[in-house]
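Some structures are shown below for you to check.
Both complexes below contain chain A, partnered by chain B and then by chain C.
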Partner chain A sequence: MRAMLARLQSWEGFLTCVVIFVILYNTALTPQFMTMGNQINLFQLSIEKVIVAVAMTFVIVNAEIDLSVGSMMGLAACAFGWLVQQGVPAGAAIPLVLLIGAAGGAFNAYFITRVGLPSLVVTLATLIGFRGLARVLVEDRGITDFPDWFDRLGQQGLIGPFPLSLIVFALLIVAGHVLLAHTGFGRRTYVIGTNREVAEYAGIDTARHKQILFVASGTIAALAGLLYAARVGAVRGDVAFGFELDIITIVLLGGVSIFGGVGTMIGTALSILLVLNLRNGMALMNITGHIQTGVIGVLLIASVIVPRLSLRRRRQEAAP
Partner chain B sequence: MSAPVLSLRSVTKRFGATLALDAMSLDLFPGEVHAIVGENGAGKSTMIKTMTGIHRPTSGMVEIDGDPVTLTGPHDARDLGVTAMYQEPMVFPDLDVAENIFISKTDEGLLQRPADLRRRAADLTARIGMRLDLDRLASQLTLAEQQAVEIARALSQDVRVLIMDEPTAALSAHEAEQLRAVAVRLARQGVAVVYISHRLEEIFEIADRVTVIRDGQHISTRPIADVTSETMIAEMVGREVDHFFEHVPSKARAETVLEVRGLAREGVFEDISFDLHAGEILCMAGLIGARRTDVALALFGIAPATSGSIRYKGSPFSPPSPRAAIAAGIAYVSEDRRKLGLAMPMSIRANITLAKLSDVLSPSGFLRRRREIEIARAFRERLNIRAADVETAVENLSGGNQQKVMLAKWLTVKPDLLIFDEPTRGIDVGAKAEVHQLIRDFVADGGAALVISSDLPEVMAMGDRIAVMREGRLMDILDNAEATQERVIALATGQAPMQEAS
Partner chain C sequence: MKKLIGATAALLMGGATMAYAQTQIEGGTEADMVLLPKFLGILVFDQANEGAQEAHAELENPGELQFVGPTPENSVAGQIELMTTATTQGVAAVMLSNNAGDQIAPAASAAQEAGTRVVTWDSPIPGGEGEDIFVAQVDFGSIGVVMADMAHSILDGSGQMAVLSATPDAANQNAWIASMEEALASDEKYADIELVDIVYGDDQSEVSYNRALALVDQYPDLGLIMSPTTVGIQAAAKAMQDEGLCDDTKVSGLGLPAEMVSYTMNGCAPEFALWDFRDLGYLTYYTAYGLATGQLTGEIGESFTAGRMGDYTIEEDPGREGAKRVLMGPFTVYNSENVEAAAQ
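And now, the complex of A and B:
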């Protein structure tokens, strides 16, 4: 009983309650809410963001940040469009674009781990740089002439009603959870995020670890950019503009500490469920996007305050 | 005797199920240095925190000048003249001494007259009897000088009770002496000085009265003349403890683990040469700033040497990273638990297995929790780490237990060479003896230990040989039999000449 109460007091417990409440409320209000179609649809509308949120969870637990993911999504989509326009077969363009993502991540990692600059600054610079590249590639045009199979992959169910992007997301978040919670790699992610010097003194190659995370973040952002291109069927220079903030919001709302070392993939998953259902529910109730954003903002502030309150209480009890 | 300035009247403090203070009563008189001793976890910190308003008593009360007061926080306590200072001085590194002293003076408006400020700062530093250049930035001061700044700041706020919590733990012998002089001087000026220290010899030097506490209870308060270190320790631990600091020689073996020749790092240390054998403890003594830690960091691959040579287990060795050093069987237990040693919010379990995570991973990289818990429990048992279970966050442990967790972490790598930097700083007498025994056990099993310590009795007790460093140079290496505290201090302070390597 005590254990159950303790769990309820945790941020994850709180999120679970809110998610259940929101879903029940939405279902009561709009009967079509809980249909498979609507649920898939609400995921589909933000699927690229939630895919990147999985990688972002690792980055933030590691006490870093990657602001360049939105721009990388845009760059990947635009690079894909450009390559296809130049006559490169789409099947060959896909791995090339993923390589661009990895290279972009490696570029970030170089300046963060070798030059020693803060990731906030480095990825702010590449947020601008990657976006600039994307705009150079497609200029003011929109590119829409993708092969049919590519568009179908983005828009239709691959297995039953589930589109490819949703399957990719499901696989990524499960793999991400296992990696973070049950492997040595995950443990190192937490330790480095808690105290990098302690990790370094314990013989952990913290630079290499961060390099892996940033390369993965860039690659996954590029993959998300490709999925975006396939879903929308068109790319422009402003694809995924500003997405990084939504992604970071989801991760922080899931209880991941911006200071690193704290948070779980389950928290991120709950936060994804909450944000998507809340926005969808409010949209079904004809509440405008601005108010939706305001509600998410209030929740974000709560996500910072509530765990602190319970932490302080626990600290005091354990203090002698 | 005059009336007490601050009194605790039967103060009890509970944290959930734990009883941290049990009907504690105490009187502090103006003009006395009142030492408070007790093992870690005895309730000293909680007691200070009730005096400074950080904790509120569950029952009982705090009285100032005989009137019951309810302290709502450190600020409130300061207004009533009660201030505490800790090991780590609170100074603003980019402000100068005078600005630091008056940092919290806000009652004279926005416009402070610098000349006036400086004159008053000079008065205050004169009062504590330390010469401080008021224009120096705090970042350029030694630790002791920074503490002096903090005391001057307390004086500027008309302090009546100054609580000094382990003020000398991180200081060199000379600096500690300066600080003790300041404490005595303040008491002579009518301040009630509460002095908390694990260094009993300090207490005999400056205290007027000593209070022993144990398990949250008041055990005794006596004039210093009525106690001996034996009775004090016995009261602290609740049993007779003898021969803490007697040297027990280790059995050095023929095999040389480490041969250091002419090791130097540009501008940091130079010409360091020594041998370390299996089964032997070599203590490195010296003042703060003697660069002993830098030598250790070169051996551990954090900041490699720029010239000279190291032979480790018979072959040339120059670790480029801690990883390489650990792989070769070298462990370095840092002096700074908080910054470099332990992931404080994480569990005992996660900290212990950190240095050799591969031991608890399956071939495909998955954590084997059960194995991890077994290893952590085994070490908790073996090192007598006092905690409810291995899932407890390390930050909730006492200093001594944290030290043991750190040692456990390094024992998991089964090192051949253990470098232990300030193994017992700020931990209590009982835990100290346990840590000493663990180091002796380690060398008895054939390990080699390099122990860096600023605690002279510890150096004399632990070192089979004692290497004394001063300002980046190795002054001499003494055999335990020929070493005396006086000799070590003379070498460390430059009063005795450096021995030419023969």
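And now, the complex of A and C:
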């Protein structure tokens, strides 16, 4: 009983309660909410963001940040459009674009781990740089002439009603959870995130670890960019503009500490459920985007304050 | 009176083929409607909403008319999301001022498959896919001539001109600029007008303001900034006024009388043009309601009467192959003589 109470007091417990409340509330108020079509749409509309959120969880637990993911998604989508327009078969363009993602991640990693610059600065620079490259590639035009099979992958169900992107996300988040919570790689991510110097003394190659994370982040962002291009069947320079903030918001709302070392994939998963259900419910009730953004903002503030309050209470209880 | 003529004509032609019958759009049938602007917080879209609300009340539609739009920084993803949400809600028609280029096409097509009518206004879906009809404010070709003529009159026949547009992929903006370039090339009288640059202010005041000033820095002999967007023209006029540049560089384009009146009166923007966004919202609503209630089929050649605005015919869109449009037209050119009355 006590253990259960303690669990409820954790941020994950709080999130679970809020998610259940939001889902029940939406179901009661909007008849279309609990339909298969809407539930798939709900994920599908933000699927690229939540895919990148999985990689971002690792990066932030590692006490780093990757601001360039939105621009990398845009660059990947535009590079794909450009390659297809140049006559490269779409099937060959896909691995090339994923390589661009890996290279972009490696570029970030080089300046962070070898030159020793803060990731905030490096990825802010590539946020601007990747976006610029994307705009140069498509020259402010839209590109729409993708092969049919590519559009179908993004817009139709692959297994039953479930589209490819949803399946990719499900696999990624399960794999991400196992990797973070149950492997040595995951433990090293926490240790480095908590205290990099201690990790160094413990013999962990922290630079190599961070390189892997940033390359993975870039590659997954490129994959998400490709999925976006397939879903909307068109690309232009502003694809995924500003997505990095939504992605980071989801991860922080899930209880991952911006200072590193704290957070779980389950927290991120709960946060994804909360944000998507909340937005979808509000949209179905015709609540405007401004208010939706405001509600998410209030939740984000709560995500910082509530764990601190419960921590303080625990300290007070322990003190006498 | 116009209505009466339409009705009489319909009576006279009663025996003729159905294709020429004039459909009087009748109200009373329930149809939930969504008006989806590029984003919220811009005067022209609010005006379009006023027009749509007027038509909604006039037709006594027992259904709901929702005015929902994305936030400016989330316009593309937001429009796709709202289109999808409207489909889930099962609304009868979505009226879209498209800012997402062809990226909206899959969501709009899905809406159509679910039985929702998609009528675009202000800015169409470039490829035409996912769209029933585009309600065009004016003929895209005539916009070019109107802008070329204003440039000719302001520059007195010769000088340098630059274009300050909205976003690089706004279908309407690009079509208008292209048609202006065509107009400039088509007639000898424009031979001494030089179009030196096209820049983009993203339909945001601050960005447009800075782009306008950058243009003046870059082209010291610039005589005119032509901005075919209401945000851009106002920002450019303010920039020229603030920096005291109005004597050398004038501003023109498409603007709202209420926002432009002071600049027209002080000579910074001596001439500009526009259509009435209330009328555009009103006509769009009538068109969408006609389709949603089955009174219109959306075939080319079909004619209908849209309340106070009179008669319109669905025709092929000359700018987009395979797409259909209803043309509102015509233009009003505003100057110091008529702008004050229109700004009320």
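Heads up, the rule we're going with is that the second predicted complex is superposed on the first by the 314 of 320 C-alpha atoms of A that agree within 3 Å, B and C clash if a C-alpha of one lies under 4 Å from a C-alpha of the other, contacts with A are read in each partner's own complex, and residues count from 1 in each chain.
The rule is simple: a contact is a pair of C-beta atoms (placed from the backbone, for glycine too) under 8 Å apart; a residue touches a chain by one contact, two chains touch by 3 or more.
Everything numeric in this text was worked out from a predicted model, so none of it was measured.
**Q** Putting chain B and chain C on the same copy of chain A, do they fit or clash?
**A** Result for chain B and chain C: fit.
**Q** Which partner chains sit in contact with A:Val191 here, chain B, chain C, both or neither? Use first/second/both/neither.
**A** So A:Val191 only meets chain B here.
**Q** Classify the contacts of A:Gly91 with the two partner chains as first (chain B alone), second (chain C alone), both, or neither.
**A** The answer is neither, since A:Gly91 touches no partner chain.
**Q** Considering only C-alpha centres, what angle arises at chain A between the directions to chain B and chain C, nearest 10 degrees?
**A** Superposed on A, the angle at chain A reads 140 degrees.
**Q** Based on the superposed arrangement, let me know which partner A:His182 touches: chain B (first), chain C (second), both, or neither?
**A** In the superposed model, A:His182 contacts chain B only, not chain C.
**Q** If you stack the two complexes on chain A, which partner ends up touching A:Gly261: first (chain B), second (chain C), both, or neither?
**A** In the superposition, A:Gly261 contacts chain B only.
**Q** With both complexes placed on chain A, how many Å separate the closest C-alpha atoms of chain B and chain C?
**A** Least C-alpha distance after superposition: 38 Å.
**Q** Same chain A residues contacting chain B and chain C, which ones?
**A** none
**Q** For the complex, give me every residue of chain B touching chain A.
**A** Going by the criterion above, the answer is residues 15-16, 18, 20, 41, 43, 45-46, 216, 302, 321-323, 325-327, 332, 334, 339-346, 350, 354-355, 357-358, 360-361, 365-367, 393, 396, 409.
**Q** Within their complex, state which residues of chain A touch chain B.
**A** So the residues of chain A in touch with chain B come to 182-188, 190-191, 194-195, 197-205, 261-262, 316-320.
**Q** Mind pulling up the chain A residues that touch chain C in the complex?
**A** Touching chain C: residues 32, 35, 37-38, 41, 45, 140-142, 144, 151, 154-155, 231-239, 241-243, 280, 283-284, 286, 288-290, 293 of chain A.
**Q** Under the definition above, what is the set of chain C residues touching chain A in their complex?
**A** Listed in rising order, the residues are 40, 66, 68-71, 73-74, 76-78, 80-82, 84-85, 88-90, 100-107, 110, 126-127, 167-169, 200.
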